[in-house]
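Each remark here refers to the structure printed beneath this line.
Chain IDs A, B, C, D and E follow the sequence of writing; residue 1 opens each chain.
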Amino acid sequence: MDQHLLSIVLFTPLAGMLVLLCLPSRNTHLIRIWANVAALAGFLVSLPLVFRFHSGAPGFQFVERAEWIPSLGARYLIGIDGISLLLLMLTTLIGFLAILSSWNAVQDRVKEYYAMFLLLQAGMIGVFISLDFFLFYIFWEVVLVPMYFIIGVWGGPRKLYAAIKFFLYTLAGSVLMLLGILTLYFQHFTQFGFYTFEISELMKLNLPLHMQQWVFWAFFLGFAIKVPMFPFHTWLPDAHVEAPTAGSLILASVMLKMGTYGFMRFSLPLLPRASVDQTIVQILAVLSIIGIIYGALVSLVQQNWKRLVAYSSVSHLGFCTLGIFSLNPNGLAGSVLQQLNHGISTGMLFLIVGIVYERRHTRAIAEYGGLAHVMPRFAVIFAIAMLSSAGLPLLNGFIGEFTILQGAFEANRAWAAFAVVGIILGAAYLFWLYQRTMLGQVTNRKNLLLADLSFRETALFVPLIAWAFWIGIYPKPYFDVLRQPVTEIVERVHPGYYPASGPAHSQTGISIAQIGGGR
Amino acid sequence: MSQWYTSTDHFTIIPAIMLALFGCAVLLFDFLVFPSPRQRKWLLIFVALGEGFTGLALYRQQAFLAAAGLTELVGFHGSVTVDGFGIFFNWIFVVAALIVAVVSYRYLEIAGEHHGEYYGLILLAQSGMYFLATGTDLVTLFIGLELMALCFYVMVGFLRGDKRSNEAALKYLLLGAFSSGFLAYGFSVMYGIAGSTRLSDVAAAIAARPAWDPVVFLALVTTSVGLLFKISAAPFHMWAPDAYEGAPTTVTAYLSVASKAASIAFLLRIFLGPLASVRVAWEPLIAAVALATLTIGNLAAISQTNIKRLLAYSSISHAGYMLLGLVAGNDTGIAGIAVYVLVYTFMNLGAFLVVVALRRANIIGEDIEDFAGLAHKSPAYATLMVIFLLSLAGIPPTAGFLGKYYIFLALIQTQHYFLAVVATLYVAVAIYYYFKIVRSMFIQEAKETAPLASSFGLRLALGVSGVLTLVIGIYPEPFLRMAVTSLVR
Amino acid sequence: MHPITTVHYLALSAALLLIGTVGVLTRRNVVIILMSIELILNAVNLNLIAFSHALHNVNGQIFAIFVITDAVAEAAVGLGILIALFRNKETVQADEIDLLKW
Amino acid sequence: MNFLDRIWLIPLFPLFGAALMLAIGKWLDPQPASDVALAPEVAPPAGGAHGHVHAPQRFLVNVIAVGAVLLSFLFSCGAAWQLSQQTEKVHQVIQFTWLAGLPFHMANGHMATFQADWGFLLDPLSAVMILVVTGIGLLIHVYSTGYMKHESGYYRFFGYMNLFVFFMLMLVLANNYTLLFVGWEGVGLSSYLLISFYFHKKTATDAGNKAFIVNRVGDAGFILGMLLMLAMLGTVRFTDVNAALRSGQFSAEAGFGVLSGIALLLFAGAAGKSAQFPLYVWLPDAMEGPTPVSALIHAATMVTAGVYLVARSSALFQLTPSASNVVAAVGAFTAILAATIALVQNDIKRVLAYSTVSQLGYMFLALGVGAYWVAVFHLFTHAFFKALLFLGSGSVIHALGGEQDMRRMGGLKHRIPITHWSMFIGSVAIAGIPGLAGFFSKDEILWQAYSSPQGSSALWFVGLATAGLTAFYMWRLMNMTFYGESRVDPQVEAHIHESPASMTVPLSLLALGSVLAGWLGTPKLWRLGESFSSFERWLEPAFATAAAEASQQGAHDASVQWILMGISVAVAIIGISLAYYFYSRRTEIPGRIGARIRPLYLLLYNKWYVDEVYDFLFVNGFARGGGRLLGTFDRAVVDGGVNGAGWLTRFTSRVSIWWDTWIVDGLVRFSSLLVKMASYPACLLQTGRVQAYALFVVVGVLAFFGYYVTR
Amino acid sequence: MLIDTVLFYIFAAMVLGGAILTITRRNAVHSAISLIVSLLGVAGLYLLQQAEFLFAVQIVLYVGGIMVLFLFVIMLVNLDQAARERQFNRQWLIALVAVGVVGAQIAYFLARGSKSFHVAEMPAVVPAPPALGNTEVLADALFSQYLLPFELTSLLLLVAVVGAVVMAKKRI
């Protein structure tokens, strides 16, 4: 059981999808129920991972290894470390919520819809757990197709444009990434005489700097477009605005993390020298900062509720990448946390947009106002979501942002100084959005009779809010989970980072923090 | 047997004999036994038998080679050589011919041109391909080529009542004959160089030549024109769109898969045989042609509205990818070509079969518009089409990805980084026009509701190619091994 | 008057080839295009015979036989197709046959 | 019962109360259906927004809300008492590691671990703070039960109030900067919620946003300060920080060094929260909230958080004199600026708001000159009389049915006597008449400003002037409100009524406090004995070295101090009597003066145009003006509401979104367009003429041959 | 040798002249006739090169077979209105130029590579007349070494017949 846990997690959605395909497409009710059951099962089977995971244990856990394509040296090799664990749990939960959220939202081609979601779910899980580059790439590409359909079939007015733009954009990036992968693969062959895609094997490579740089840029295109980092972000708003609620939920909460995850899992460990190369680090940090401020500025003037949230993602993901490329423990750990937080809070924001959209079928901010009068419970939940997104302490956002800032500050004080502007602006656009939509008087008669959240809708938010508070109030477990993998990455890129005594575990080395400490 | 015709000779051509035999059988039985068009579908039995025996013979050849530990078996004083290479390609021909034959009858009945000759020609054409894949003598290859080509000329024009079919046939014939004239000219020069028509002798003679030899160039150019024409590489590709569009869709499928595979085999025989020693001379040329082919194929496909024409251009671009494998030229590259041909067979056949299903009594069903709302009418077909298109574009986990994978890897191994980047970027372009079809299938609403013209054969064939496209994508190991091992020459 | 070498024959056949090509490229009448193709094939044959004479082996001549056969076959089928086309379109002008394009 | 180890409970009671309120309050206090406030164009404004509904279980709301605060008040008293009994005047309860970050390199290259505990620190300073917060908080809660009786969203109000108390207690009890920041942001949030309590009023929500975002600006400084502190000291725990700073490895900085950097960044935060000069603009607008809120948050407690922060970091500021000077200067400037503005305001609450800003300026002045205990002392006394004044004004407004303009008051003395007498005491106290709380603290500040090493006569003079102005505007307020003939319009006149006991009792108690609080810190000069200067001694352990400095200020001889004291008292009396003369006797004079020095008057009346300047820069006023000038420059910018981003920001975002659509995305679109375009030539080659195809074959041959010919 | 040379030029003239006439005559029948002339010239050249059998084949197959076929078709599809129209298509000039260039290139190659054939050549020595006649030799090679292609040819012709029938016949 234990040694196949990951496979079970991976294949449960697929199995669910196959069964779903066998159901009669007339009987939508049955299909809905089954899809939700399958998704819930997918979440439940992933829970044991949390309890059986040994935080602090080096390397990967729940590793499964099977020969798959010997003639290519590709294996079915999966396993997780702290980073993957968190993102995996996020995926399974959000996946379930996404399916739950579309109970009423989707009325036509229900069967295909849910099938696509389950397929998507499996693909994303695969991305986060595969330790074989070939396998990773397969999943990476698999994810695109269902997303294309979700946007393109169930999307808004400009869905065709958005869908194909999303697909082409990300595809272009990832095929170039493929070239990078193949280069590593071949270099490994020339150095060790056998072909393999196994990451741990590829990490043994030592490449000349210039080649590392080339490969790095190849990876960069693949990952940065996914994240999306600053110049490559334009597919995001379109995709988000056109996608159905559940689609944008998945897209924002999980799929964007695939890019940042890629940076941490592949770019940094496989190309350490390129990753610490000053020009590259500078460029990426600057791009991240531009993303932070730029995203915030742009979302400030959005008249479209959903577009605003979409651009806010650009800003938040800027924090994540900044954390990654400050290349120190706190930066990286904070980045992972922030990815989690963004998944939670932005997920909530998109659900919120979706809920009003279901009622009013418009996303223009001007259409709303004073909703707090008619939908008080909704207003409260929106407020919490907004605060967690704005990084208010005791909610998740603060922990991530502050840790990232700490890391960035250590790497380069100017970065932190600029990034802080993002926090100010973040509060600005979110509070302003809240004021324009929730507060004030009901200016639009149509909004007078809006129903407050139903039980199902409330149930969507409960886990997310609970999670947000947990991270905000007691984040220690997360840092415990992240300490080991982050340490490994840092030691890979900055061999001398930790004193010879090895990574100073949790307690400060010789800092003055011990003078007169404690109670 | 006589000294002219030894048992070995016999053994080397049994498959061809089977094909020829059953081909003639079909022609005979057609008007002796099945006078009425209704019954003609029973001719499929002969086709099936013929392919069955061919397969059996191929299998025996394979087994014999394996048992005897030989890499090749030469017959007819070197006119024909049975080796892994040839056998591999012949398997592909068998599959292609079977699938095409099986789906054809319904289509031809609808088109009102259901004649026994059709099946006869399929088989005879395949016997020609056999010699393209196995022939090692200029004459054998030439005749084999002509045999195949003639059959295709006729099949392309098989809808005699249809202007477009006639036109396609005529264009194909004129250009084909024209290019094979050049080919023959090149062969003649090769003969002049070597004084023999055996590929081995020619290879030896050319290898003995000085580095810069105008006569070799003369042979090289004229020959490669003929060869590149057959695989529809730019700028010799222009027949393909017209022929593909005008021909009966089933024939188009056969043409785009079997004929292309055979021509690739032929091309490899020549370029890795006689011309191997002058690689430096032709590699840049082929690289340029490959690029041009990719560009033309992908760009022109974007603005197509006729699905067969679109697929024609896409198959042109695929030829470009295969050529890139030849440019890389290392084992990976050649294996890559084999893998590419393998996966290409299934995905391209599949795509065309869906188009076949769209041909209904009064609907030509070749326009992208005709795909509108297919997802509602028959989700299964739509889904399969998506799989085929994804595979054609080379998105994992479909088979198509492996072909591209090998090609890219080969290019990187041989440091053709520029080619690699361009080739990869064209994947994105390809997605664009393939997904025009997907879009119209899934997103647009259906205009007419006439049910698809599906038949048992069609469903069977579609199922097979669909499953294989996925299986090869997800668990490619056995297929890869088959392809790779068959190509160590 | 220097003796006739293979090169003369090659030159002749090349000329024939080119003439044939010109015919294919320029004549509108499909029948004549087919004839031009015959010319091309004859150029090939000239080559073959010249070489076989020069090399003192008959393979060339045999190749030539096959080429001729092939020429026959192509001509037959070609004319057949032409007739089928003529039945539908009432024309044999190559540049009026352009239903299929772009 | 050991309260010291249970101090972590103190914040939890109000939190519990708040949770209950927001969870079940709706059942306890059913809202009128007409709660939906409609824009006039949709429907007549729902009067029910203020309509009182009969709610039998409403008293439960009071029980929970007030009870929660009462509990924590009791616990605070207990804890404070037990602390006073201890010799070691620092008690720390660390419950768990809250922010358990990872190792990092400090500036000096050492490894440290970035972590913050969930821990509480009770020392004299925080003891004073929690007593103020819970004590005043309790009174104000009681007051509110009366004041808010007729408001809808009663339970919401008390939920928010409890929430505020929780965060405020977190703020003052936290044992490290990061946890303090939790409370810091939290009070900001609850202040936002309470300011925009009447969230159907755009002005209210605007004020709320303004408050939160202006604070955010300060918080950014706070965050950076913490980061820099981590980089330097590797810890954020107060005890460790102070120990490290006093360990002697950091010497006092001559100019502006890294430590000054930390200090100033923290001060930026403090300035935001405590409404000091650049960032004070949000406070007057915050008066949009219900009056008790103004009393609790914007007078007594939250706004003093900045003072607390700086006092808390005394060890740091002692090492950075230059930073301290900045603090003192800003404080003094704010004090007098706000005082001048207060001179001419007519809205009773605004006067008090500016007076608060001014008093806060006093406190920072004291902090700046290193007299930390004095600052806290003034904070303490100010809490009493300013709360008193606000509540009193609230009572007045209550009596006048919502009227806030002093020009429509007057002669209320006999109509609402209790309110009048309590406010009278408050005004006397703030004016600095000997014997009342204000006198002792303010006078001590003046004396420190004059005498302490960082002090100077200039600072003293500014302080003195402010004192005079304070006395003047406070008595202007008193006179315009209570004395002279009534200017109240008749139909309001009809039902002026004294407020219920629930309001007057707290008033009286606060009045008592305003009288007595001062006697804890009488000038040493008066030699009244230990118990009358117990405040200073009580705080000594918190500002270990501060006390040392304060002790050596006997250098100046007593006579000087007597003289200065006399002067300040005189100034106060002059101010009072001038106000009385102008506004009760010769009420026409102010008009004339105003007419004579019109520009100055306008300048003051318009608050030195600071808001306009900010509008010009940050808020989109300029977009409006400029919109008219440049023609409607940009609808979206103009429509975009007062708060939040502001014009420059808004403009840049405009630019960036334009850039986004046309350049960044444009490149993508362009390339795809290019590809599509390129597809047509590729197709046009396909003319459909077979001989053209053949020609291409020949051209191909030609090219091939060409390649070899040129090769 | 002289006679050979003279004959070569005569036949060459026939070949080229015939060819040129073929592609320039307006009337298809004339073209056919001049094609025959050209083919006869080729046949003559065969004879010059001791390819007697091929000479025969050329005469019989081409002149006797293919040309008849052509003439039939020419009669079948009435070309008179075709003969009245323009006889060259629009691209004739470009085509001519292109072919000219190719010609030049080929000429260049032949010139550059001419010596590479001399090695294969022994002009002075007249080869000893082979023991067997040309035909026997051919037959020998054809049925031993080229047996397979020979058999294939049968298929080729079969396909040609079937194809021609399928295409040309009104209804099968």
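By definition in this document, a residue touches a chain if its C-beta (ideal position, glycine included) is under 8 Å from a C-beta of that chain, and two chains touch if they have at least 3 such contacts.
Values in this document were obtained by computation on a predicted structure and should not be read as measured data.
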item: Those chains which touch chain E and also touch chain B; value: C, D
item: Label of the chain whose CA centroid is most distant from the centroid of chain D; value: E
item: Chain pair with more C-beta contacts, C-D versus C-E; value: C-E
item: Chain nearest the global centroid, as defined over all protein CA atoms shown; value: A
item: Centre distance in Å when chain C and chain D are each reduced to the mean of their C-alpha atoms; value: 98
item: Chain A and chain B, separation of their C-alpha mean positions in angstrom; value: 44
item: Whole-Å gap between the CA centroids of chain D and chain E; value: 104
item: Mean-CA-position distance for chain D and chain B (Å); value: 79
item: Chain E: positions in contact with at least two other chains; value: 89, 91, 95, 98-99, 102, 106, 108-110, 117, 120, 145-146, 149, 153, 156, 159-160, 163, 166-167
item: Junction residues of chain C, two or more chains touched; value: 6, 20-21, 24-26, 33-34, 50-52, 54-55, 59, 62, 66, 70, 73-74, 77, 80-82, 84, 87, 94-95, 97-101
item: Touching two or more other chains - residue numbers and ranges from chain A; value: 168
item: Chains grouped in pairs wherever the two touch, ordered by label; value: A-B, A-D, B-C, B-D, B-E, C-D, C-E, D-E
item: Touching residues on chain B, where the partner in the complex is chain E; value: 4-5, 9, 13, 20, 24, 27, 75-77, 79-80, 115, 117, 120-121, 124, 127-128, 131, 137, 139-140, 143-144, 146-147, 150-151, 153-154, 157-158, 160, 169, 192, 195, 209, 213-215, 217-218
item: Interface residues, chain E side, partner chain B - complex; value: 106, 108-110, 112-113, 116-117, 120, 143-149, 152-153, 155-156, 158-160, 162-163, 166-167, 172
item: Residues of chain A touching chain B in the complex; value: 25, 68-72, 109, 112, 137-138, 141-142, 144-145, 148-149, 152-153, 159-160, 164, 167-168, 171-172, 175-176, 178-179, 182-183, 185-186
item: Footprint of chain D on chain C - complex, ascending; value: 21, 24-26, 33, 94-95, 97-102
item: Parts of chain D lying in touch with chain C, wherever the complex brings them together; value: 683-684, 686-691, 694-695, 698
